[in-house]
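Some notes on the structure that comes next.
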Amino acid sequence: MTGGRFMAMDSPLEGSEIAVFGAPFDATSSFRPGSRFAPGEMRSHFAALEEYSPALGRSLRDRRICDMGDLAIAPSDVRGMQAAVAGAVNAVMDAGSRPLMIGGEHLVTLPAVRAIMDRMSGRRTGLGRMSGDPPDAGLAVVHLDAHSDLRDEYMGCRESHACVMRRVWEVVGDGRIRQFGIRSGDASEYVWNVGNRHVFQTADGLGGFGEMAEALGGVPVYLSIDLDVFDPSALPGTGTPEPGGITYNDFRAALPHLRRLNVAAADIVELSPHHDPSGASTILACKVLRELLLCM
Amino acid sequence: MTGGRFMAMDSPLEGSEIAVFGAPFDATSSFRPGSRFAPGEMRSHFAALEEYSPALGRSLRDRRICDMGDLAIAPSDVRGMQAAVAGAVNAVMDAGSRPLMIGGEHLVTLPAVRAIMDRMSGRRTGLGRMSGDPPDAGLAVVHLDAHSDLRDEYMGCRESHACVMRRVWEVVGDGRIRQFGIRSGDASEYVWNVGNRHVFQTADGLGGFGEMAEALGGVPVYLSIDLDVFDPSALPGTGTPEPGGITYNDFRAALPHLRRLNVAAADIVELSPHHDPSGASTILACKVLRELLLCM
Amino acid sequence: MTGGRFMAMDSPLEGSEIAVFGAPFDATSSFRPGSRFAPGEMRSHFAALEEYSPALGRSLRDRRICDMGDLAIAPSDVRGMQAAVAGAVNAVMDAGSRPLMIGGEHLVTLPAVRAIMDRMSGRRTGLGRMSGDPPDAGLAVVHLDAHSDLRDEYMGCRESHACVMRRVWEVVGDGRIRQFGIRSGDASEYVWNVGNRHVFQTADGLGGFGEMAEALGGVPVYLSIDLDVFDPSALPGTGTPEPGGITYNDFRAALPHLRRLNVAAADIVELSPHHDPSGASTILACKVLRELLLCM
Amino acid sequence: MTGGRFMAMDSPLEGSEIAVFGAPFDATSSFRPGSRFAPGEMRSHFAALEEYSPALGRSLRDRRICDMGDLAIAPSDVRGMQAAVAGAVNAVMDAGSRPLMIGGEHLVTLPAVRAIMDRMSGRRTGLGRMSGDPPDAGLAVVHLDAHSDLRDEYMGCRESHACVMRRVWEVVGDGRIRQFGIRSGDASEYVWNVGNRHVFQTADGLGGFGEMAEALGGVPVYLSIDLDVFDPSALPGTGTPEPGGITYNDFRAALPHLRRLNVAAADIVELSPHHDPSGASTILACKVLRELLLCM
Amino acid sequence: MTGGRFMAMDSPLEGSEIAVFGAPFDATSSFRPGSRFAPGEMRSHFAALEEYSPALGRSLRDRRICDMGDLAIAPSDVRGMQAAVAGAVNAVMDAGSRPLMIGGEHLVTLPAVRAIMDRMSGRRTGLGRMSGDPPDAGLAVVHLDAHSDLRDEYMGCRESHACVMRRVWEVVGDGRIRQFGIRSGDASEYVWNVGNRHVFQTADGLGGFGEMAEALGGVPVYLSIDLDVFDPSALPGTGTPEPGGITYNDFRAALPHLRRLNVAAADIVELSPHHDPSGASTILACKVLRELLLCM
Amino acid sequence: MTGGRFMAMDSPLEGSEIAVFGAPFDATSSFRPGSRFAPGEMRSHFAALEEYSPALGRSLRDRRICDMGDLAIAPSDVRGMQAAVAGAVNAVMDAGSRPLMIGGEHLVTLPAVRAIMDRMSGRRTGLGRMSGDPPDAGLAVVHLDAHSDLRDEYMGCRESHACVMRRVWEVVGDGRIRQFGIRSGDASEYVWNVGNRHVFQTADGLGGFGEMAEALGGVPVYLSIDLDVFDPSALPGTGTPEPGGITYNDFRAALPHLRRLNVAAADIVELSPHHDPSGASTILACKVLRELLLCM
């Protein structure tokens, strides 16, 4: 008898390979809020899938995965959310596991990247680098999204899902972020990044994903999947759907490349279940999660 | 950090006053199936309510309640469902707690009543009466519903949600069942029960509920709430909505009477969340659950 | 094996007591069109109800009812709709049966009333009064609705659902129309009818329905039920929901009075199933239909 | 040719009697966000109603009402929202008109009350009391809601829709707030207000509303209508539906009393259109708005 | 005047080329039940399509098709369903026509295949082979699906939609089943069928469909289309949507090959209309049905 | 503060390059009406998009666009609609701007084309050709749609969305209409146009669009986009969805060719927002509108 845990994710944190947690926060959503409900809905829909992935020839039963549940976050508390996410990421890495965060909106990525960079640089108060920390070689950020999220501010706010990759860039620096699927942005974002001078970006879906994966080699990667990278036909249930995205089969074709990445941490964000009356978006999110868990 | 348990129901089974479990089964639904999703959706919506009930002046925090999760039941396995429900009821009562089952459709009531009657009569294999068992005075069944569920068979099936109270009557006998809110039935059901010769029944909502509660005194009661007793305006999300039911305020007015009942076990059945696009039905079901827990 | 006929309405037209037909037309809907889908959806939901009515102690199986199917009407063809409805009403009455039309929007009432008035006055070309026709005493129109529908024109159109009772009044004359449940109208409608000089009207739900029924005695009645007479909590699925209406229990309480009416013909209009995602509106419409059939 | 303004609200601000504006903000919503979409959806549904109210015998055409459109508010900017609302309230009152704000969630009430209190006490920088300001007698707050909103903090936040009336109480003081329809709260809220020592509160719907209105006499009133005061059967489309509320007919019965109030400013908050798939909640909100405009 | 029959399918059974019937059964659905509503909803949506197919250059008007309506099946009666389907298949074939069954869930395929195999082997009680029966050469099963349905049991049940092709394999034997579009299964299913030793299977959508059709030549084929072979973007309204499926244009491209098959019987299963709020899934199912009828 | 105008379309008509107006009319819809709500819903969803188009490298801020609001049209008034549309087209062209009409259903195209042809031929009463009028070279009609709309009549009506291109052909003559994406029609339409003798038509999505654009050179074009040219996976929210259409990426690939057209006037029709519960169809329609505005 169990209720309310991701199917087949029943390892304790200590000893787990991957630890999943939800970050139910959507305060900065600029169009349709509601991504706070994503972790709960994904847990209840996950059982529609098999534990086994034919595409990867692996089963969740072969992995040691911990479902830590959801973080407690006050609805409008941008600062509190960042503390909670950073705390969870550190707890997972202290236990020698790897975090996979389920948003919530995209701003949740920022404290996760910051926490990992702090660990890599030994900046955590009272701590040197620990054995569970990623190596020195720096952190690459691989980012799938419809929107570049490179605005400097949105309606006067700098900590917004619309600015999250600009903030991440301030943390990781030039040349560390690779963006795929981007097809929307403010003119200012394109001007700032003209010639990809700060961030590598392609408008051509997952084109070049294999070459990127090969080039990265063993560099530790933070993988952030904003689900609106998918076309709204495949995933209407998101805050700001943007026509022109990838299909699930495009994503599946990238799995062998994704497998080659050295994923230190990951997130899946921006599912908005209340805008998904057929449930198909939530199921797609679940399948992305399963395949990602089996690739990591 | 927690995910997927009813808010404030975190006692262990041993030592709990009440144990809640889900019975996600809907195979015999005659119109719209889907009540299997009720326990999960109720858990995710329960947090929309406070733990405190102003109507009762009590809080869930003051009770020791165990959420046992959901039973594992194969979709079409009528027999397996009955074994699983009986097993859960016995486990709860063996632990000295009282069961509160969340359906699923109404047929789940049958094995629960049978299990309790078996305990009361000492029929459980290898067991005498145990300390957690209800006393000898017999079991009364208090039944809120739109439909009398007294058919002898439905399309050739005798074990169907449409026949469940006829089957229960076979177990508990004449004069033990009190039905409220009934406003629909086959002509044969009315003929069989003419003059309330087998079952007490009223078509007038919860009219007479107080007198009934007083008359029952301390007799152990199995309370079965088919949520379609509510008018479809209040609860559209059910398998067979039937116009003409009670409002939530009617239910609230009956709470003082409900509190006087000696409820040995209870169930709340027939919520169908996929037919409740606004979520209001699920929230009403949650409020009924909270008030019932605080009354028991 | 059957598909797509109202449950238990399988009599041939000749010899039937009542003949049901659909008029799937919604061209003049001023807010949300879609009532064209009402007859089809009502057929598919009707099986959620029993054939037997406890409130009336009667079963559909005891009546001889013919389901004639739906009229073929081009979407925007106001004139064609009127010819089709008049043709169907005449066909039913020629067969000695009574018509019960399911809209569609409210304008479908106009040609039905006209056809009956023509028969009563012997105006049908080439025909004297026939044996199936209502007697000389004139036709009373009993009208349940949220809106008085007494505008002389709506945006320049005189044949509109918003003007239908004004047009009916032109046919039946002063003092023949009784309106119940009215709670919305243009100022001009109230001025025109000040002191109920043309049409009897009450804003108090079904208040006075019993007295009205008694006063009418055996006068033949055309009964028109615009389902938006119900409060949107009970029936959200209609073109122009108007808060403040009756509940189903209010309607049920009026059934004994309704039974006393000499209903020569009736309609149930303005269900809009695409605005009824829970299905509860359609089921309420079906129950109104069942009780009306058993009262006629 | 017009698009996107409330029907019949086309007066310029100067010279208007009432000025309507939207405050599309929902960052502190604790369960289901989405009330930011309320002003837009209400504008598009308003045309389903007539301009004339039979209940009041008045038409919007007889009033001079200005629709100022919506405030520009960044999604998570609690401070910016407060500045924008205060600015709009002041602009309206400077023009000699009265503000009617459409939320958004309930926190928008706080800056509106603060702005008015500042004007009444002459605290506005560089300004004495102006001719458009309410008189000295103090401000009464009349509050319709399901939730008392009297928490001191919610998950660590003090500026939350769940705490708004506690904050308002800090501004207006003991004995100035009258709450109707309250049926939910944390135990701490009831303890704090035991014996109604700070805030007058009734759990009995709109019971006593008439006496309250009489007692207030000509005192300037801030009227705040949280639409979840209505039962979820009437209004499912809100952030935290709470069964047991009032019907529209209860509200209509209070209109004569509401007319007697000296309403200096008002708001209608917490409609969440994305949780209202039938549209009925939005239409009820529109009717509340129309009647309120005609009462002020 | 007609209501409730598939447009243009009005031939009597005797003399028809194809006979369509519905099998409204969904008791073994493992995730979202509701496919029982598919035949009814498809009838009501079918009129959105033309009778003529430009892709095939043919019209339904040129075929003699009988709509037999729906089978009467008790909701949980697995055995009764099998008897009813077998009876219908035999009735159709006795009349010299070919059955096209509309599910319902996938288990309905099993009794249909069994009935045909019984006819081919002369096993029907009291009957030799009849003139309407398929020839001796054996029966090939062509199966489009997302799931292989080759489990030996599902939660203890062997007669489940999740096991249907394993059961069919027991009837038709090795090498007779061709599966297309398969992208999900339990690990045990892949182990059992490793090297396609029992069943031919491809994960590559409809890749190889043309070659398969050519290879089959004139062998009689049972064609089973589980609509979840389509990607959830095209068909969200199914019990267990599985991302990664075919598009409608993929299906259209296979029509010339499908035309070459000697289809003795067919089914279209697993549409779940209540999970299809836009109606697009039902319309796609209707178009598949039309093209299949014109290909057979 | 603004409410209810398309973002960034705030130029006055005089001096604008393009003028957008809504034609909320859906009386002849043959399956699901509701396109009258398209202009309003598109305005409220448009803000989900950026003003800048990366695909085109242009921003709406660089164009002078006027949003004229919606035409006032009585629901069933086919004639009145035509007068209103013609009036608006003439007003726009008199002001030296170009009209972009948002339907409503497809019949709104007819009066727009007629008005332009009248101007080109100097037929407007009392007027010669004006400076804003298209040149003499004739008008080409480029038509994207799932349905050819070439019927001579539909259920007896000649002015229907199902006949609109036949009517347009009567105005512009042989060889002036180019249709793309067509995949549905009555047999009679295909017979009438066999060999493309009247109208150029391709069933292959946007295949050949580039060649067509090149061939047209500078000829003035009326561009009519019936949104059901898109596959229902991308755009379920339309009156008569037809599987087998184009994706958004197909449309995007045609933008460079679209840019080469000399578009004198355009329309976007047949979005039905009430059949689009996820909102994704409306957002796709908005993106088509943005790109079209930036191409014109």
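Order as written gives the chain letters A, B, C, D, E and F; numbering starts at 1 within each chain.
Note that a residue touches a chain if its C-beta (ideal position, glycine included) is under 8 Å from a C-beta of that chain, and two chains touch if they have at least 3 such contacts.
Note that this is a predicted model, so its numbers are computed, not measured.
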Identified repeat of the E-F interface (over half of residue pairs identical), from A-B, D-F or A-E: A-E
Classification of the chain A:chain E interface as same or different, half of numbers criterion: different
Whole-Å gap separating chain A and chain D, where each centre is the average of the chain's CA atoms: 39
Residue list for chain C, restricted to those that touch at least two other chains: 32, 72, 231, 233-234, 275, 277-278
Pairs of chains found to touch, sorted by chain label: A-B, A-D, A-E, A-F, B-C, B-D, B-E, C-D, C-E, C-F, D-F, E-F
Contact footprint of chain C on chain D as seen in their complex: 47-52, 54-55, 59, 231, 233-234, 247-249, 252, 277-280, 283-284, 287
Residues of chain E that touch chain C when the two form their complex: 1-5, 21-22, 37, 39-41, 43-44, 67-72, 88, 277
Chain D-touching residues of chain C, taken from the complex the two chains share: 31-32, 182-187, 190, 203, 231-234, 236-237, 240-244, 275-278, 281
Parts of chain F lying in touch with chain C, wherever the complex brings them together: 26-30, 32-34, 36, 72-78, 80, 154-157, 159-160, 274-275, 277
